[in-house]
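Shared between the two complexes below is chain A, which has chain B as its partner in the first and chain C in the second.
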Partner chain A sequence: MLNREDWLPLARKLDWEFSYVEEREVFPEIISGHPWLPHNAWKDWEESFKTSYREYVENQHEKDMAVYAVRDAVGRLENVQRLATPWINGLKVHAAALALAEFTAAIGNLRGTRFGRDSAWRAMASFGALDEIRHTQIPLLLMHELVRWDSQFDWTHKFYHTNNWLAIAARHFFDELTLGQNAIEFQIATNIVLETGFTNLQFVGLASLAHGAGDYMFEKMVTSIQTDEARHAQIGHPVLALVLRHDPEYAQYLIDKWFWRNWHLFSFLTGVTMDYLAGEQRSASFKEFMEEWIVDQFFRTLDEFGLKRPWYWDIFQDELEIYHHMMYASAYTYRSTFWFDVVVPSPDDRRWLRDKYPKHWNEIDAVWECIANHWKRSGVGAEKEMSVHSSALPAFCDMCQFPLCGGTPRKNTASVFELNGANYIFCSEPCRWIFQREPERYAAHKDLVKRILAGEAPADFTALRTEYFRLTPDTWGKDVYGGEYEWLSKEPGSS
Partner chain B sequence: MPQQKTFWHLLPQRRMPTEYEVVTSKLLLNTREGYTGRRFELDVPLQPWYAKYQQGSLLTCSNWENFRDPRETTYSKYTDLQMQKEIFVDGILEEIESTGYDRELSAQWIEMLDDLAVPLRYPGHAFMMIAAYIGQIAPCGRITVAAALQASDEARRVERLAYRIRQIQLTFPEFGLDGKNRWELGQRWQPLRRFVEQLLVTYDWGEAFVVLNLILKPMVDELFMKHVGDLALGQNDHLLGQIFYSLNEDCQWHRDWSRALVQTLTADNPSNNKIIQNWIKQWRPRALEAVDAFADLFESKPLGQGDTLFHNLTGKIDDFGAECLQNMALERI
Partner chain C sequence: MPIPIYGFVEGDTMGVLILAEEGETICSLTCKLLDAVRLRVDANYQYEAVYQGDVLDPDATVLQTNLKPLQRLDLKRQHDVPEGSYNG
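For the complex of A and B:
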């Protein structure tokens, strides 16, 4: 057989000069992206790692077979049932966040397959679209089997189809990242920032935690997905290189904006799981994983392209110490608005967290002290859940849609911005900065509180949970142990 | 309350779903299929594009999820199936290499392939682009999945053509060097190129689907994948037809899932039939013109050698396309 490099060039470069329509009609800027350049500027576009269709289907078939072999060996219901309960709840978070988000990335890649500005880019994106369909279908199939055991796994599919407040935040993110994005911004934001960066948290960090937790199915699934991401993520590099040459300010803006947006989403998604639900086998903290796998990689990317560190880097480093802890404490007190169960960190956990996060842990620790005291006072058991729970709604950031968790318990960093007579509130300066740069995208969006005020969502907390968030007494989040912690009963003052 | 046994959206079926249903149902977030009552959460710049070309399309359906790919193609099934097909094609290509097959081909036939097969990569690539467009703008995830796989099938065809071109070049170094030029300037290719370029800027999702999958592709695929293969038989090139046979299996599936979608649409709302028919009226004559531009190559002597097989090629392809339409209760007009 011929070598790939002998014949593939004849399939990669297939652009031509249009005669019957205009190039700008075939690649309208609104959907192909900014800056708009004639094809001549893109003609040398080249991916660093090439593959053929022939190789793709064979490799992918083998990878699928390997995943399903692991499923058959150790990924069945009885295997999952043996895992630690907090870990299983981490699994529920990821199952829900992953499957249908991956499908929005299939749409993004199809956008690249049609509106990418060079034929080689388009052909690579078509494999990317297939990959993302794979990443949609594997978790749906694996988690479907668990629904008959635990209805919270129903949220693997249901999550994005609800108005759960976290789903609102996630859709706000993925609408802009993938589903409704133009080809250029999609490839840069998804390939460079998300897939070359943040998904390493899942695919390297969480995979190793899964291994430690004995969840070999999850480990296999995410590492298999990672090998696809590594291949199709390379599309973004030559795209960014060209955008940088023609509009460096815009390239820097895209990187800054998407690093920040990813940071907030993954703080919840991964930060919470790593530091609170992974159990005792954890070897490194979320912050350490971030520093090793994301920040270092991000700096390498910035250096490679001659980009600057985002202007908010000091703010980011501050948040790295505390933001996801604020989120988790908030999440615990609103646990019945989620589809998974949560735990109070034990004294051992808290010592470990103090060691890992010395800067602000004292302030967060006071929150957990307070929650533990609530359990002591109210008594434990499922019927006491709502005694240790908030019922007044938090306020949400008009950018990231998460509760206003910026800063510390003593000093919140929320700020207000007025535009056309309306007030918008932001958890942090970077969130406000992103909003101000393109308010036409964000200004009309109503967060949960605005929906309640507009009568679109019920004001009554119980109705909100059931009718609007689509939770049931079976599925809404609880304390994993109903407050019955061995360490709690041993503490002085327990009843 | 008994424990639920499947995902929320599959419960109304009152039976255990198939694997295909589990992994392809209600995958899109922006079609108001769930509890959100929303399309996009945000005012993304593409929202008006979707409003105009997806929601504004004349094709309507009260429940797009009634559509099912008759092959029930999941990702896993796709890679398995296509790997088998690619192994088959590898076998043919290996045979060509190991037997000195190309040395037996006539200069005249090589010249013909230069005109017929080499430029085909360009419309093939455009077919991938248009299928990818249909996939991203479709109002239902199942259509997206089918269209995305179709787009990759088109990439497969382009790559196999590229491979074969390179193979022939080892024996005939001048072969296949001006494919782009022929596509851009050759008289024979212009009606098809005009059609393809106009279809690239046809952004209504329903129209793009109908024109590509119901009108253009059935006829163009039949012309190249079947008739060129048949023509090759008389030219001592029996293996080309076998390669094209395998590629044509993909095209057959494109017609199959398209037929299933049209059946879903007309069963749901009979007025869809009229709308599709109207697009057929507008576009089909030009598609026939694109096919007809190649007819003389098939009928010319001495290649045809008086063989009646290639007489009235356009008529045969017209009939084939019409038969595809009839299977969907549509007419050629």
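For the complex of A and C:
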């Protein structure tokens, strides 16, 4: 009987030379990806995990059992109810963004399973697809029990089925990344940029904050998911290496494009949770996690490939100081347009944030001062929520689909670009650059403003919130404390 | 027909959409935009409206200033003017 090391190559290298069809018919460039190379160029494709089916099933079974054991021990409703309320709302953000996005990654991996250029790649992508189905079902299972207690958890399943503005942004991202993508771009953008880079913010950084918050269920869930990601992310490395050898400019373009797209998504998803909803147990700021996991570790990986930092590096470093603060302050004043509750940072929080983000905090702090003053003037309590809430229509970036929060309060970086008689607006220079590289991919998409102007979405704010975003008085976001902050009542000028 | 304009106010964290009527003055449009962002922006400044690099006459109408749909209009703080009230 063969030992494992001798048997695995036999079980993974299964391609034969086609006699009755052309290779380009089996692997068309439009869906296998660019550059199109004959199989001879791919035949040495290999990754480091080299898992067999039997090993895969055994390992996954053990991991699932460990998740269920933690759920039974500390993941019940009564355990969640003991967590700090802001943290629970961070949990709602992640549960909604994660579950169905993972299922789209199953579809992306299945594209690799079918259109990957070597049998070993296709075998590993098959396991990747199974991983992603697991990552879909675990959060759906764990959050389902919480729906009967808090209907906002229903958005774990509902989020991507709505036209909520955050769902539009997330779908715009995942539709391109995982559903409509050729195999090469999918594996590089997902395995390299998302999974080797940004999901570490979730699965390592946020997991450590979950531990600090006493949310051992969330910690276990994401660390269990991370063990799968670490394995199937390896698919992207040999794909990137070969693309880099044959078309380095294209490889750099894919990294630059997807780094920026991930940056804006994770700024909201993770940046807001880490800096505003994680509470006093936070050990580091979002910027510090980014510097450790992205600026240092991820770019060290890219250096090893011989890739450069993106051309917009200085812009990125500026945004690292402020973008998610711009987003959160804006979002707070539109909190009834999403499915989780938010808080005003306390004076202690603001001191901490000033210390962590000295470059622009003064400008953001002035905005929070203004919001706090409105609570003081209006009076507090749930019935005053809409007195401290905006109703003007936000404007959205035609690339990332997030509100136009680029730059600083002093100088917003949005710019308008005309194409074929239509105006497009972008929050930042990199968003505009991504659009201009592939306008045929993006130009037909209508942001929320254009849907309203075209009569496809209600112009009336109340109808927009309920009919289009599918929120109800129970589920739409509120101030966690209804404005009743102890520190607010102690400040001068409080009523 | 109202003209949709992307409005940005210095001191704010985001852009908003406002609808400008052809016959209304820039002063009126400035007030409308400041009202839209009042939760986040200290109104105790004077502002001037800037469109494509030019400071607009507050008494001119939207039609006279030739504002185009889905273009950017900025309200810039007049830093050399003592705090008090804003234009209009």
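Here is the rule we go by: the second predicted complex is superposed on the first by the 492 of 495 C-alpha atoms of A that agree within 3 Å, B and C clash if a C-alpha of one lies under 4 Å from a C-alpha of the other, contacts with A are read in each partner's own complex, and residues count from 1 in each chain.
The definition used in the following text is that a contact is a pair of C-beta atoms (placed from the backbone, for glycine too) under 8 Å apart; a residue touches a chain by one contact, two chains touch by 3 or more.
Only a predicted model underlies this, so the values are computations on that prediction, with no experimental measurement involved.
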Joint occupancy of chain A by chain B and chain C, clash or fit: fit
Inter-centroid angle chain B-chain A-chain C after superposition on A [Cα, multiple of 10°]: 140
Contacts of A:172 with chain B and chain C, given as first, second, both or neither: first
Chain A: partner with more touched residues, chain B or chain C: B
Touching partner for A:182 - first (chain B), second (chain C), both, neither: first
Partner chain in contact with A:386 - chain B first, chain C second, else both or neither: neither
Chain B versus chain C as contact partner of A:137, first or second or both or neither: first
Chain B versus chain C as contact partner of A:330, first or second or both or neither: second
Touching partner for A:366 - first (chain B), second (chain C), both, neither: second
First, second, both or neither for A:416, with chain B first and chain C second: second
CA minimum distance (chain B, chain C), superposed complexes, angstrom: 21
Interface residues of chain A shared between complexes with chain B and chain C: none
List of chain A residues in touch with chain C within their complex: 325-327, 329-330, 333, 363-364, 366-367, 369-371, 374, 388-390, 392-395, 403-405, 409-412, 414-416, 423, 425, 449, 453
For the chain C and chain A complex, residues of the former touching the latter: 4, 6-8, 10-18, 35-37, 39-42, 68-72
In the complex with chain B, residue positions of chain A that touch it: 1-2, 6-11, 14, 16-21, 25-26, 30-31, 52-54, 57-58, 60-61, 64, 68, 100, 103-104, 106-107, 110-111, 113-114, 119, 122-123, 125-127, 129-130, 133-134, 136-137, 140-141, 144, 147-149, 151, 154, 156-158, 160-163, 167-168, 171-172, 174-176, 179-182, 440-445, 470, 474
Contact set on chain B toward chain A in their complex: 1, 3-9, 19, 22-24, 26-30, 33-36, 40-47, 49-50, 74-76, 78-80, 82-83, 86, 90, 93-94, 97, 121-122, 125, 128-130, 132-133, 135-136, 141, 144-145, 147-149, 151-152, 155-156, 158-159, 161-163, 165-167, 176, 180, 183-184, 193-194, 197-198, 200-201
